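Order of writing sets the labels: A, B, C and D. Residues in every chain begin at 1.
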Amino acid sequence: MSGTLIETLGESLYLPQTARIRDVRPITAMEKLFTLELPSGLTLDHNPGQFIELSVLGVGEAPISISSSPSRSNGTFELCVRRAGDVTGALHRMAAGQVVGVRGPFGRGFPIERFRGKDILFAPGGLGLAPLRSLINQVLDERGKYGRVTILYGAKHPSELLFKDELAAWKERGDVELHVTVDRPDENWTGNVGVITTLFARAQVYARNTVAVTCGPPVMYRFVLMELVGKGIPDGNIYLSFERRMKCGVGKCGHCQINHIYTCQSGPVFSYAEIKGVQEAL
Amino acid sequence: MSRPKVAFFDFTSCEGCQLTVVDTLQTHPELLDAVEIVQFREAMTEKGEDYQIAFVEGSCARKSDEERLARIRQQAQIVVALGACAHLGGINAIRNRLPLEAVVNCVYNENGDWSETHPYGRPRLSDRLINVEPTAKPIEAIITVDAILPGCPIDREEFARVTRQLLQGSQPRVPDYPLCVECKFKENVCLFQRGQVCLGPVIRAGCGAICPTYGESCEGCRGPISNPNMDSMQSVLAEAGLTADDLLSRFSMFGTYQMMKLE
Amino acid sequence: MSKVQLEVHYLTRVEGHGNIVIDAADGELKRCELQVVETPRFFEAMLRGRPYTEASHITSRICGICSVGHATTSLQATEAALGVIPSEQTQLLRKLNFLGEVLDSHILHIYMLVAPDFVGTGSVFPLAKSHPHVVLRALRMKKLAGDLCAVIGGRHTHPITMCVGGFTHLPGNRELEEIRARLEAMREDVTATVELFKSLTFPPFERVTEYVALRKPDEYTFIGGTITSTDKFELPVSDYREVTNEYLSPHSTAKHTRHHRDSYMVGALARFNVNYDRLHPRAQEAASALGLKPTCANPYLNSAAQVVEIVHCAEEAIALIDALLKRGIEPEAPKRVEVHAGEGVGACEAPRGTLYHHYRVGDDGRITGANCIIPTGQNLANIEADMRALVPTILNRPQDEISLGLEMLVRAYDPCISCATHMLDVRFE
Amino acid sequence: MSLRVISMDAMGRFVASSRSEYRVVGPKPLHGQYIFGDVESPDDLHLNYTQTVIPPKKYLFPQREELLRFKSGDGEIEPVFDAPPTILLGLHTCDLHAIRLLDRVFSSGHVDQHYRRRRDNTLVISIECLRPCSRHSFCKSMGTLSATDAFDLHLTDLGAEYTVDVGSEAGEALLAKHAKTRRATDDDYQRLNTALAQKWPHFPYRLDFDVSELPSLMRTSYNSPLWKDLGERCLACGSCTNVCPTCYCFNVQDEVDFALSAGRRVRIWDSCQLDEFATIAGGHNFRKTRAERQRHRFLRKGQYQTDAFGLLGCVGCGRCAQACLAHITPVDTFNTLHHERSGGAARPKGGAA
């Protein structure tokens, strides 16, 4: 086999290719990072923000964002998966060496070429860091092409913070402004306490030249948007990544529709300008 | 992987659901390779007390049943309510409307003109044998239940599917949408269009709409969906000449316990 | 010094919950009881006030294994009360459905509940490995019987289509033809079943009792007939109470019955003894192959009589399907019912014996009183009488053996204890 | 293409003959309605039928369809294509229009090969509607009362004969191989034209406005109070979408054997009206209320599909109106919205006039 994974849909658009689990790393009690390897000859060729449909054969399929950056793929890619139900639960019980099914990458990722030269404000909440990590690492790998990079990250509890080692490394770099907050601290927590919006006061934003990127649980968007719009960032420069129920990933099954828009095709990444008038979006 | 140990228990019931389990073997004999059955009174003598999955048939109608249920709950990792009696209280709960005294009198009354011979006199409520509770209950009223297999009797294929989901470590799912979905799949002409009435719009699917398919209206043996539109259902029935009482009366064949709880 | 105290709790491989209690010292039997501890379900209280249309659906839930028997008997009682006479086609279809259930129930009983005793296993499950062909045969036969029921009733357990005055759905020719072909093919399995039971040795125990069954002049009847006994009694079903004379026993939630002796027996063996001359010739052949002759007084041979009935029902079902196909299935609606007050009795030969339903219906079509007399209830006194006769002859054996002997005896009756406690109303206001 | 004529008898022989090569499905009676089913003999032919419970789309997009088979251990997966050569016989023109929409949906973007294979192996023989097939149909309003280009053959009943419009080469070949037909004469054209001209008055317009306004009407009706009313009446039973020829939402589920080693992935019709349709893991439901779901359904019918595929999502068959026990109908809904917008009084509710 050769070519990109998406090209294999030529036979059946529902046919997953097998990918072998290279490595499983627990991140928190609920999330694990899976490193997957495609059959030789196949490449994933994704953009940050895109997702794949991941199958545990016999259990089902679930859309999962690609968490690794294209700039760091060595024939492998990473998924950061929360144990949320059947498919993700079954995946969590799997070990290196076992195989899963993958289709994709699907959807529209971040238009990264439009970010070049801009300041970037990342505002992930909770598991929303999983898809943004792909973009963040790509940006950091070509750091010179961008202006200021600010990351405002909120989680419920210190134990739920994802990628703690990477957070530390980003902080170390010196060319990234990182603020982290938790809703409920534990006794060892010395950092910020409060919901993610409390961090925005700390961020220095030059609104006209800033691109903001956010992803998180459904309740979060409205509040984060208020902050971003309040800072004067143009609607067209605010990007959001959405989660919806999906059964096919290819714009047929109807589950992910936001009014007339198929999240799996036109999204999951949208600019605020695009979905501002779409009533079911937020 | 070792085969999970499975036990079947029966309380007050007709045992039709257990028989359906046995019948499942006709189409799925491989079930016996997938699980180890350690207790199944209706079909086997051995009684293993070491089990992970307990299928419980029947409603709880005696104090001693509650203790037995508690023991089952303590031992089993997963408890499945098998059939309408266990899931809803079912047919057994119809009697809950009447005081126990009256219920017992109906059956064991010494003056009954249909039973003449009566050497031992009339049993008292306190009798060891008659010591039933005034209400027959679903097992969920006593212990937590991890999954349900609705229906009177259960659906064979659903039993097979739920069992496989348990073996996979998935949460077993039974539909939580109205029966009309499956009825339409079957392309039945709706009973309302044939001048009959049906509980389908508020009852949980999963049986393949077997009653409407065979020309009989849904009797509600799988219980209500979690979010039924009862107001609209009443209008639908009113149009068919039925009142709210009629709706409740139909519903009471399997749903008396639920109805009395709501009151 | 011999002291035997034996309690078998929660008798297994029977329908419902029963205990056996034996207390004997020095050859003297102090207590010998078949306790029925099944929780009473009070179907009478349930039926009271329900529309007559629901009666067959509710009472079918008395028993998961003979639900067709209950539904059919219930419909007979309701139809008698309301003066409804079902069409010939309805009667043929009900009969066919009934045969399917007798087949299903007997196959379940002899293969899955009785056979393990002869192999010395606790259940049929290990036989799937040790005797796969036997188990597969049983499953195959049982599936056919179940499918036959489903073709007519819509579902194997708790029939859907049977209603007062007819059926809500009729089988198609093709479905009947397919079942017929499978029944023909099943003859081989039936023969193998006879062979299997021929090879088994049943305990040699005999006790003469009265055998009661329905009888008709022209057929080995399962639905309706005259109550007939080997003691030369004959009664119309409406006089069933003269036979059943229900009474309560302190150790049983199920009521007992007795006729003019202390007890009587119903079920396959009783039918065989009463109606031998009406059996299909092939069934009679099977009987002689099994060494079964009327009047047989060995209750253990009830299982053998069931095998004979399997042969009979399989043949009858083929003949019935032929008759139905020949006349063609008419797309007829259930008979119209004029609702009025009334009272009626229905009687059938359920797999375990004579079953009576007796209803009173009020002016509004709601049921005001009901009584059901279940075969196992009628057999309880007889089982105990058998136990009392048997125990002294085996008291010197090890307890295990006594208990197995007794369990096998009870099991031979194929008791449906859950049915037997589902006693219905006995009193009308 | 050409117009031919086939006699009633020849029609029967045509069916009998094509059965050697094709599964032939057509309308069959059931409890006073019709369903599409296998036509096994010429006696099974009921081309003069009232509306079927479920549209013929089930042969292109079955209620339950295997997509894949797999062995889970080694990850062996193969797609399943079950596409027997089929003739869909006797489609009304609304159903023909619906197939045109399904063709677009499943063939645009990522092509759904499972649908495509079936479609490619299917010949469609439609029939001209000369009388309304249901008291709920409003095809004339929707512009679906004439055939569209999705047919291979198209019949018009002229009493003792049918004219046959040949719409494709495959249709032509089918006819040549299995049917005895003759070329249409001037007289046949004359009779055909008369039949076509005479049929229109039998069909009522049911929309109070021109259908071309429907998308814009829906666009401005997002906040109509009507949705709340529909939400209160809707039973969330999904019947409306399950009987709809243009609905195609689905669910995907895996089924495994007891050994958990092999299984299938199947897709099953789903409905946007059911409670859990837009619920994600964790329980958040993006369309929680029945009112929101009814709005979504009608916006899909009247606007979204036009935006995405250039065709309306409703072909006016009226099946949903027939199926809905709460009497929620597209005609009432669209008309109410229209009158709300134009400020006029809404017509009384209650379905068919």
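Operating definition for what follows: a residue touches a chain if its C-beta (ideal position, glycine included) is under 8 Å from a C-beta of that chain, and two chains touch if they have at least 3 such contacts.
Here the structure is a predicted model, which means the values were calculated and not measured.
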item	value
Pair of chains joined by more contacts [C-beta pairs], B-C or A-D	B-C
Euclidean distance of C-alpha centroids - chain B vs chain D, Å	39
Centroid distance [mean C-alpha coordinates] between chain D and chain C, Å	51
Distance from the mean Cα position of chain C to that of chain B, given in whole angstrom	24
Two or more partner chains touched - positions in chain D	256, 260
In chain C, residues with contacts to at least two other chains	none
Multi-partner residues of chain A (each touching 2 or more other chains)	58-59, 85
Touching chain combinations (by label order)	A-B, A-D, B-C, B-D
Contact set on chain A toward chain D in their complex	9, 11-16, 18, 55, 57-62, 84-85, 88, 99-101, 217-218, 243-245, 247-248, 250-255, 257-260, 265, 279-280
Chain D residues within the chain B interface of the complex	30-33, 35, 53-54, 63-64, 232-239, 242-243, 255-260, 269, 271, 274-276, 290, 322-323, 325-326
Complex contacts: residues of chain C adjacent to chain B	10, 12-17, 36-42, 44-46, 48, 50, 54, 57-58, 61-65, 67, 108, 112-113, 116, 122-125, 128, 136, 139-140, 142-143, 146, 154-158, 160-161, 163, 167-169, 241, 245-253, 255, 258, 358, 371, 418, 423-428
Chain C-facing residues of chain B, complex	10-20, 22-23, 25-27, 29, 32, 37, 40-47, 61-62, 65, 90-92, 94-95, 98, 102-109, 111-123, 129-130, 132, 136, 152-153, 210-211, 213-216, 219, 253
Chain B partner contacts - residues on chain A that touch it in the complex	58-59, 85-86, 89-90, 93
